[in-house]
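Quick one: this structure, given as structure tokens, is what I'll be asking you about.
The letters A, B, C and D name the chains in turn, as written, and every chain counts its residues from 1.
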Amino acid sequence: MKIIKKAANLLLRLALALIIAGIILFVSGYSPLKAYKAMIWGAIGNWNGIALSLVQATPLIFTGLAVAFANNCGVFNIGAEGQLYLGAMAAGVIGAYLPPLPHYLHLLLALLGGALFGGLWAAIAAWLKVKANANEVIMTIMLNSIGILFCSYLANYTFKASGPVAQTPEIKSTAVLSRLSTGTQLSSAIFLGLALIVLVWFVLYRTKFGYEIRIVGANPRAAATAGINVAQKITAALFISGTLAGLGGAGQVLGLHGRFIDGFSPGYGFDGIAVAILGGNSPIGVLFSALLFGLMRAGGMVLDRTTNIPVDFVLIIQAVIIVMVAAPELFKALKGGVKDVRTVVKQ
Amino acid sequence: MLEQWLNSDAVFLTVALLASTLRMATPLGLAALGAVYSERAGVINLGLEGLMLGGAFFGILGSYLTGNAWLGVLLAALAGGIMALLFALVTLRYKANHVVAGVALNLLGLGFTTVLLVAVWGNRGKSPDVAGIYPIYIPYLSDLPIVGELIFRQSPFFYLLIILMILSWLFFYRTKWGLRLRAIGENPAAVDSLGIPVFTYKYLAVIAGGMLAALGGAYLSLGELSMFARNMVSGRGYIALAANILGNWNPIGVVLASFLFGLANAIEMNLQLYGWPTQFVQMIPYVVTMFVLGGFVRKVQAPKALGQHFDRSNTNM
Amino acid sequence: RVGVVFATGGLGDRSFNDSGYEGVKRAEKELGIAFDYVEPQAVADFESHQRAFAQSNKYDLIICLGFDQADALKKVAKEYPKQKFVLIDSDVDAPNVAAILSKDHEKSFLVGAFAAMLTKDTKNFKQMNSAGKIGIVGGMPIPLIKAFAAGYTAGAKYIDPKIEVYEAYAGGWSDPAKAKEQALIMYSRGADIVFQAAGGSGLGVFKAAKQAKKYAIGVDSNQNYIEPDHILFSAVRRLDNVLYNQIADAMKGQWKPGIYKLGLKEKAVDYDLTKSNLKIPTAMVEKVEELRGKIIAGEIVVPDKLEDVDAFLKNVKR
Amino acid sequence: MEALEALRMNKIVKSFGSLKALDQVDLTVAKGEIHCLLGENGAGKTTLMKILYGIHQQDEGEIYLNAKKVKISSPKEAITQGISMVFQHFMLIPNLSVMENIILGQEETKMGILADKESRNKVANLSEKLGLKVRLDMLVEDIPVGEKQRVEIIKALYRGAEIIILDEPTAVLTPQEVSELFKVLKTLKEDGKTIIIITHKLKETLAVADKVTVLRNGKNQGSITTDKATPEILAQMMVGRNVMLEVVKGKVEKGPVIFETKGLNLKDKLKNINLKIHAGEIVGIAGVEGNGQTELLETLIGLCSPTSGSIIFDQKDITKDSVEERLDQGLGFIPEDRNDRGLVNNFKLWQNAILGYQKRYEKKGLLDFAAITKASETIVKNYQVKVLGIDSKSSSLSGGNAQKLLVGRVFYHNPRVLIIAHPTRGVDVGAIEYLHKEILSMRSQGKAILLVSADLDEIRQLSDRIAVIYEGAITIEGDGGDFTEDELGLYMAGGLRPESKVVKA
């Protein structure tokens, strides 16, 4: 019941957002209706659309979970982007260079590698925070740039595939996360994501470890007094956060690109921040907001492809939607406004 | 002897290095100052990137329409203020999460400037050249050896930064408004209970922050290139945010932090010329930051109420 | 009807995508074709855009710009064997794909040779010094751009082995301010000519040339008009022609799949002196034309990797 | 003759959602009167005052100042009406100086620039006149609570208020500080100021107030002048039943020493602390806030490790053990500030009920919800925590109930040694009576108990032995009966030097 209410409320917000964005479009001389037909059709109109939305949502599920997990322990991990890159690179290298192995073993190793390197990258920030109590926000911002450049180096020199592109060789078939349906890019990576949603939910809300993580996040002093090793929990939380982001990168490489490509991410890690916070840092919330972002991206792609509306409007529309979903009071106010209008019209 | 030394390559190169340091630091410094204002009022400003981009665009537009670069600067500040006002409304009045609202602001900044770029000049890449704001040589002083070239032949924006830094410091630590702002960032309920209009301060601070960030953007467009190019801020907003933290939310601190970033950048660009692997050289600024922060700047203290929504009737006091 | 999938970075990059766009525009005007285009935001988007165009099966030709579309196209081309594709800057070997690579290193070689001669020409060019230094500012240190650097260096050192070539990267395609600073640094260290291969960032290089009263070289399309008093010439690549011709062939039913490596020989790349106010001495032009001849004749094989430049200089006969 | 009224609140009604915090409450205060508001935790005292101060808006009812009807919709208006309020939780900015905290909002300036000298003089005069000593240039985060409270009061007076509201100002003060404060209040009364004070301490009420108004569950239980009142009557009015204000302490055979500290030192904070606690014994640590109590507590529980010395628990040296290990061995800890180290507000009650003992509710890595529910419900039942259910947020507990939860949590998990700090701070008489009973029952169960409190009555009523801590050292130690209240107060103020240490066998 509560869920349904929430969903209805969310839909209302989206509708309102689209109205506002529609006004902007209209003022700029484009037809909102055409735009939304394209967007909505493109995002959920047919199987391809749905698949596309899911494809776009997949990496955000991982990065959103990553950021959310850290937030639950009171650590702000802006570094998901860098961790995603490290994970992707590790998975790409393992997938391409390991001698032939049984399918699932190879795949498993690639995923584990991705998780491990993503985690270690985050652990650096954790270590600096705990040892030197360095602010994790800057640390992770810096680690983003460093990690991306480092991977770029590896893709340009150490593990470069021959050819004009800075990318690693194609991964062996034994390391592939199989595609779900031909004609779409949807891969089983999304199942991994869904599984992780459940797993993270379980860890956070059903285990002592998760309980302690969340206590540290809510009141570290009380946690310490209760015999919880705060530093250790923070480190663990950031490490796990990193592994989740790393898995996200691995998923893109093993399921979508089939190799690490320099600069493959348009900022999945950064969107993960918005996804996590919109989702209230709860795994379920992350799932929904990741799907929302997926729909927006997919809709945007189709809007760009099938109409003459410049792609830049997609950014604007997304901004409006995000604000509308993120600002409870604004929604209330507008609803009030709408009501007033209705009453005025009635008289 | 001195003559000789002054003309030596070493000196020449150092001066050049420091000169580019100042140029790289100026936009960061202005934006970081902006961050100080809004964050001291308790509002996380992840939207710097968008604000800078807005400033960069409207600076050019203003100069293009009026033919006067300084009017461009004015328009930039104005636009920054208005964007910030929107941001403030969404975060303060409508209680949106600051970080998310910031992300949205960045999207909006990129989207809108590009749309307008096309609308005004029918070109998605860059604006035409307009009257820019060029370095000014301060009479006599600029003829001094070294310092003359280094400090007294800079862009007006640089002097503006230094002046604003000093004024901001005075504002925060010597005026009652600054005192109140600092207090609001720590404990708005307490300040409110003394009859001080907390929200007015928050709004004004966020707006001031937006204007400063916009000036940072305007430096890039008007001060460096006399044109606007799509997405030309390219991530400086986030670096400015880092500078604001590294500088411990203190006007002087953040400007120094910006100079640190500028220096690291300048060094990086010089080292590239020695043919080392680019990626590694380009890591330098970030590694330096981590080293500095991990090594020296142990205790950075964020305003306690940063990112929190204040509601008088709902604080337990 | 033609569908175009641009490279990430999108229109307005003042080079690659834009000059491609010009070609298609011209085809629209002169051949009366219609076209739709899309500007992907991420590498991940290519595949679904290509596929959607193919699926709709409204398009006689689908043009994919950018090396990083190859992987996606491999898949999609197989799924739609009847759909004609054109791929720019990478090679996909398929019966329904025309993959076109341009030998950017060849044009870079020529402008490099020019630069090597000009940088010492202090009597025709007041601003030149005799330091014998030139530079190139790239967008990102990726193979494609390093090919520019390789050709440029090889060309310069072919003329004068003692020439020093500064090579640096802005670290992005949309950061003119940084590119400008990078160029200023090169100038302050004695370089007189800087070649830009940095997309949108490259505009900063021209600003630097203007500010330092030095010289720059444009890229991809003829950019001389941007700073006619400071841009000596542009190393152009006629992507517009390439696309125009592909479309024309398709219209006439003469379109052929295959992998085409287009260079000076095919007039796909060149240098362009027009629209600059700076006069290049004819002697130099003759020298460079002679080099063009040797390259076309295959006597000179320009390296496209920096690693190979030294070997090239050792073995090449002057 | 009837003194003219300064304030009249008429039929005030205030609800928070479904909860009716104030129901038709009347309050009349005469000019130049010290008026005390009494009531259990959650009775509505703070809410009523927050309405007067413009923080909350009443749903119904009117407010009259000097017989003039007024509408107070913000603290600003309250201040301009000559009202100022000292809140029950400190409203100070920790990283600003005392000075800055006081002048905030009423700064003296010369053309925009802060005029330090002027403000300084003004503040100095004020604290001079009232004999409230504060160090103007200290950061507030570095000063002890007592001084913080003084700062709050100066802050209120600095605004030149006519009506001054004090919400539980004495909760954290020592007797000396309290009597100082009351002197101040009396002087203010002389100057014709009107004072409304909220407290849970009946003796204080009678000592300082002219008139008392009692609230219960948001309803007005009537007013009474102090000359007609006794603690028993007031308690009766508050709780609605007879309350044992004096605990009866049975005799308990003390067992062997089970907890002991040997020459504990912590930088310059703790100096050579030697304590022995026997089974079935309560050792009370009396002392003015900020004389090392916090450090002592944190050292004993393991939050910081001593620079020298050792802690012995059952002949076992636990100096090196982590907090966790100490809890496992049966050390129970009730921290001084429930909201700081005690409870995780806005977490559910059951989540707080197992905090520190979560280990015991783990089955194969998972939380054993059956056990947790059982435990939480038992705690709520046995320790009379007033709450809707174990799923409601602990932030919705009133202080008294929050404290009961905290105590219940520790007692329920049967520790062998108890370290209890300020167990009844900010808690109403009913709850105090109850909590004291529980602590004594722990004693009779043979637990070794260390009790740190600034409340001398509490110390004297409960402790078998009393040690006075001053500037980080135990200056004197003796049997509970050895000290009169005044002696203790004297020692706490540093009246005796360590060397003249008298220890009774």
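Rule of thumb we're sticking to: a residue touches a chain if its C-beta (ideal position, glycine included) is under 8 Å from a C-beta of that chain, and two chains touch if they have at least 3 such contacts.
Computed from a prediction, not measured in an experiment: that's the story for all the values here.
J.: Can you tell me the least number of steps between chain A and chain D, where a step is a move to a chain it touches?
T.: 1
J.: Which two chains does the highest number of contacting C-beta pairs join?
T.: Per chain pair, the contact count peaks at A-B.
J.: If I average the CA coordinates per chain, which chain comes out farthest from chain B?
T.: D
J.: Cα centroid separation between chain B and chain C, in whole Å?
T.: 35
J.: Between chain A and chain B, what is the gap in Å from one C-alpha centre to the other?
T.: 28
J.: Round to the nearest whole Å and give the separation of the Cα centres of chain C and chain D.
T.: The answer is 76 Å.
J.: Please set out, as single numbers or ranges, the residues of chain A touching at least two other chains.
T.: 152, 156
J.: Find every residue in chain D that makes contact with two or more other chains and list them.
T.: none
J.: Hunt down the residues of chain C that sit against at least two other chains at once, touch-wise.
T.: If we look for residues of chain C contacting two or more partner chains, we find 10, 141.
J.: According to the definition of touch, which chains form touching pairs?
T.: The set of touching chain pairs is A-B, A-C, A-D, B-C, B-D.
J.: In the complex of these two chains, what residues of chain B are touching chain D?
T.: 170, 174-177, 179-180, 182-183, 186-187, 189-197, 301, 304, 312-313, 316-317
J.: Show me the residue ranges of chain B that touch chain A in the complex, using the header's touch definition.
T.: It comes out as residues 90, 93-97, 99-101, 103-105, 107-108, 110-112, 114-115, 118-119, 124, 238-239, 241-242, 245-246, 277, 279-280, 282-283, 285-287, 289-290, 293-295, 297-300, 302.
J.: Along chain C, where are the residues that touch chain B in the complex?
T.: Residue list for chain C touching chain B: 10-14, 18, 135, 141, 166-169, 171-172, 174-178, 180-182, 184-186, 188-189, 200, 203-204, 207.
J.: Going by the contact rule set out above, which residues of chain D touch chain A in the complex?
T.: 301, 303, 322-328, 333, 335, 340-347, 351, 355-356, 358-359, 361-362, 365-367
J.: Mind listing the chain C positions that touch chain A in their complex?
T.: 8, 10, 36, 38-45, 47-49, 51-53, 55, 67-68, 70-71, 79, 89-91, 101, 140-144, 147
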